[in-house]
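For clarity, chains are labelled A, B and C in written order, and residue numbers in each chain start from 1.
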Amino acid sequence: MDIKSYKDVFVFAEQREGVVQPVVFELIGKARDLANSLGEKVVAILPGYNISDKAKDLIEYGADKVIYIDTPELKDYLTEQYAQTIYQVIKEFNPSIVLFGATTIGRDLGPRLSARLETGLTADCTKLDISEEKNLLMTRPAFGGNLMATILCKDHRPQMSTVRPGVMKKRSREVGRNGEVIKYVPQFDAAQFKVKIIETVTEKKKLIDIADAKILVSGGRGVGTREGFEKLKELAKVLNAEVSASRAMVDAGVLGHERQVGQTGKTVRPDLYFALGISGAIQHLAGMEESDFIVAINKDKYAPIFHVADLGIVGDVNKIIPLLTERLVKEEK
Amino acid sequence: MMKIVVCIKQVPDTNEIKINQVTGTLIREGVPSIMNPDDKGGLEMALSLKDKYNAHVTVITMGPPQADSILREALALGADRAILLTDRKFAGADTLATSHALAGALKRLEWDLILTGRQAIDGDTAQVGPQIAEHLSIPQVTYAEDLTYDGNRVFTVRKQSEEGYQILEVESPALITVLATANKPRYMSVKGIVEAFNKEVEIWGADKIEIDEEKLGLKGSPTKVYKAFTKGLRAAGQLYEVESEEAVGIIISKLKEKFIV
Amino acid sequence: MDFELNKTQQLFQQMIREFSEKEVKPLAAEIDEQERFPVETVEKMAKLGILGIPVPVAYGGAGGDNIMYSIAIEELSRVCGTTGVIVSAHTSLCVVPILEFGSEEQRQKYLPKLCRGEWLGAFGLTEPNAGTDASSQQTMAVPDGDEYILNGSKIFITNAGYAQVYIIFAMTDKSVGVKGITAFIVEAGTPGFSVGKKELKLGIRGSATCELIFENCRIPKSNILGKIGGGFSIAMKTLDGGRIGIASQALGIAQGAMDETIKYAKERKQFGKSISAFQNTQFQMAELHTKVEASRLLVRSAALKKDSGQPYSAEAAMAKLFAAETSMEVTTKAVQFHGGYGYTREYPVERMMRDAKITEIYEGTSEVQKMVIAAQIFK
């Protein structure tokens, strides 16, 4: 089939327990941009059980069309059931692009599908654009995040990408927006359904290892007290981050040793590190200077922390942090 | 006797990679090559099954000749058979072409269970395992944190998810991708190391596997790298001495820039 | 002549380095502070075969060579001097003499259990009045039927109290001097054999160093190691091998101190730049690095000679002399480079300096090594 006859940007609308995942709306937002560049449509594929009422949300967030599949086999995600379904939809509608969230489901389904379709899949994309030749430019990190690569899938269709949650922006909701909603009925080969779900368990994650956190809100002497740290915890909550501390605060009993950053504590390399009221002694720097982006707030403009900070603010942590939290909460709304 | 094949990959230790502060490019020399951590988890899982059920463990890797060293490591850890899949025809392969080559080799082997790591720390795609399963038409379970076997044909897998975990059951033959955190890999024993280099590492080329050569290497790769670049040197930081309100504004616009807000 | 490690040795180095970093290093400061013998580490090492490296597989060993053994002691000592000497004393001073001088029955009885760590080994030569002058043995062994009755005491014995198998030297015939010393294999639990006072030491504080007391201990004749009167020769030959172990320990400690100092010098900034940018640092570190590399070559050369079956006494003595003195120099300078911080227990270099000192003393003081070397030159 001629490459040019593949059209439209499809988004896999991943749902769990009937709830469409947040990443899907982010993907629709991006798909909208891509479709606009191509002069094409945004189509959501929504597999599940008793799921058709969710189609409206997808349209209000930017989808032009929703293809939903409603059968008991699709109530909970299983590789083969979903792969057969999406494969059949893709073969019937011939999209140019298909986007998935890079979730445990997306990263299980995406590659299985790409092999079945014998097409290209690019994982964990952080940036998607349309090239001059109208191909999808997929940019992603490699080498543990040390390298960025832009990938092209020129001669195969659909071009498939999984995209990290929290990277693309969802559009604002257009209440009452109209779109097409179609029901699709797949033909299952049940003999291939070889995996059974025995149990699904929701578990609060055990004590987080600060070394695994993507964002750390870290406090030192400049924060000083437990009350001060409560403010940091509020900021961390809004940012979905973890709290950590310098040795001085751990010694003072404000936080446990498992949250200590530094030479005698842990070495961390988060995407974002807030060094709040931390002077930047060599023992502390040794534990965090490899962080991707460092924001430091300290009263002392000569504090050594400012030598490694990407963004430094000379000021009072205890004044700035509550204000920051307040503003962020407002932004969320 | 249960037969297990473990797919492993030799990767640069990306935790040790640094950026040249002058040119902004990756410094690759002197970075040690290691067995991919998720694959180590898979191998340990296979060896635990071997300990319990007397299974036969084959390890296979697709790579250049120097990948021999991770096969020796696997033999020293207790693997029974080691295969190096190497051929110029595999060069330039993306994940799909790689999975075709490995599936082609697996078609020439007998197995009840295939274990792979969830993803490699250089590519970070998590694609090859599921793609191999598709080519072999066998069921897959990914993100395995734990695996038990009923001694007959059924594997019970604890699969990690964002909200917690799931318990899944699958009958052999099956392919399972494993997390590095699933277990604490054993160390090579001294005796295992001494004997590792006396054992044979089989070298298989494209002619030895069941494959349509069009699906190999650069030719068989639907995705190609258009360009690669580092995130650049750490730019000098910016320091602001301003009132709290303004400071908050600056921080928030930075967070927005980075899509954190 | 190839100075590179072969592939087996490289793979072994990779394993033992990872093991040292992950299993041994986290305990190093604690066992030093608490003067605690790391039983859990010994158990882990036993499982991997680290307690029987140079012993053939037929006797339960790992079938490795002395280069691998030296690498093991070096890598362990790099993170923990105590753990290094535990393995060195057990292997070089107990396992190896049984392998080299034991009867087939003795080998079958003791080696498998020693190699898998079910039993730990020790060596008792030093006495209150017999240190450098080792031949002045006052521990006596008197024959009585099928047994010998052992009386006397030993001091400064490494692994004492944790070992089950001790190679003990005693005088069986005073009238012939050195040729009247005999080596015995003595098992813990033998009536009359007790472990006495534990020494409180400057360094390698987690290593158990104690007195051994023998009061009318009955040792079967079958436990004589080698020939009656052949003990001194066994002791000297055993110490030759032990010196490779201690030289490896000294080398490891020195290397560990170098690694810490390089890291610190890059991070520590004074006068607007890293202290690694100052020529004073660079020149001194260059000299120390050269000496550490030279130590390594001497150690490996001695190990190779032993592996090839050639005489290696002088080589082992040179390696120990040079590596021990180098480790003392490197660790002392390491503390100096760390400044005030180096004097505190927050950084490991003060422990490395305290650990290094003993390498100039035990298994033959540096003075003894010079005697051995001179004897070789002037023969």
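Keep this in mind: contacts are C-beta pairs under 8 Å (C-beta built on N, C-alpha and C of every residue); 3 or more make two chains touch, one makes a residue touch a chain.
Bear in mind that the values here come from a model prediction, so they are computed numbers and not experimental data.
When chain centres are set by their Cα atoms, the one at the greatest distance from chain A is C.
Interface comparison, B-C versus A-B: the higher number of contacting C-beta pairs is recorded for A-B. Closest to the protein's overall CA centre, chain by chain, comes B. The distance from the centre of chain A to the centre of chain C, with each centre set as the mean of the Cα atoms, comes to 54 Å. For the pair chain B and chain C, the distance between C-alpha centroids works out to 41 Å. Centroids of chain A and chain B (each the mean of its C-alpha atoms) stand 22 Å apart.
Interface residues of chain C facing chain B in the complex, by the touch rule stated above, are 7-8, 11-12, 14-15, 18-19, 47-50, 52-53, 57, 62-64, 68.
Those residues of chain C that touch chain A in the complex are listed here as 267-269, 346. The part of chain A that touches chain B in the complex is made up of residues 16, 79-80, 103-104, 107-108, 110-112, 114-116, 118-124, 137, 140-156, 166-167, 169, 192, 194-203, 215, 239, 271-272, 293-295, 297, 301, 306-316, 319-320, 323-324, 327-328, 331. Residues 12, 14-15, 17, 19, 26, 94-96, 99, 121-131, 133-135, 137-143, 156, 159-171, 174, 221-231, 234-235, 237-245, 247-252, 254-255, 258-261 of chain B are the ones touching chain A in the complex.
Note for the complex: chain A touches chain C at residues 263-264, 282-283, 285-286, 304.
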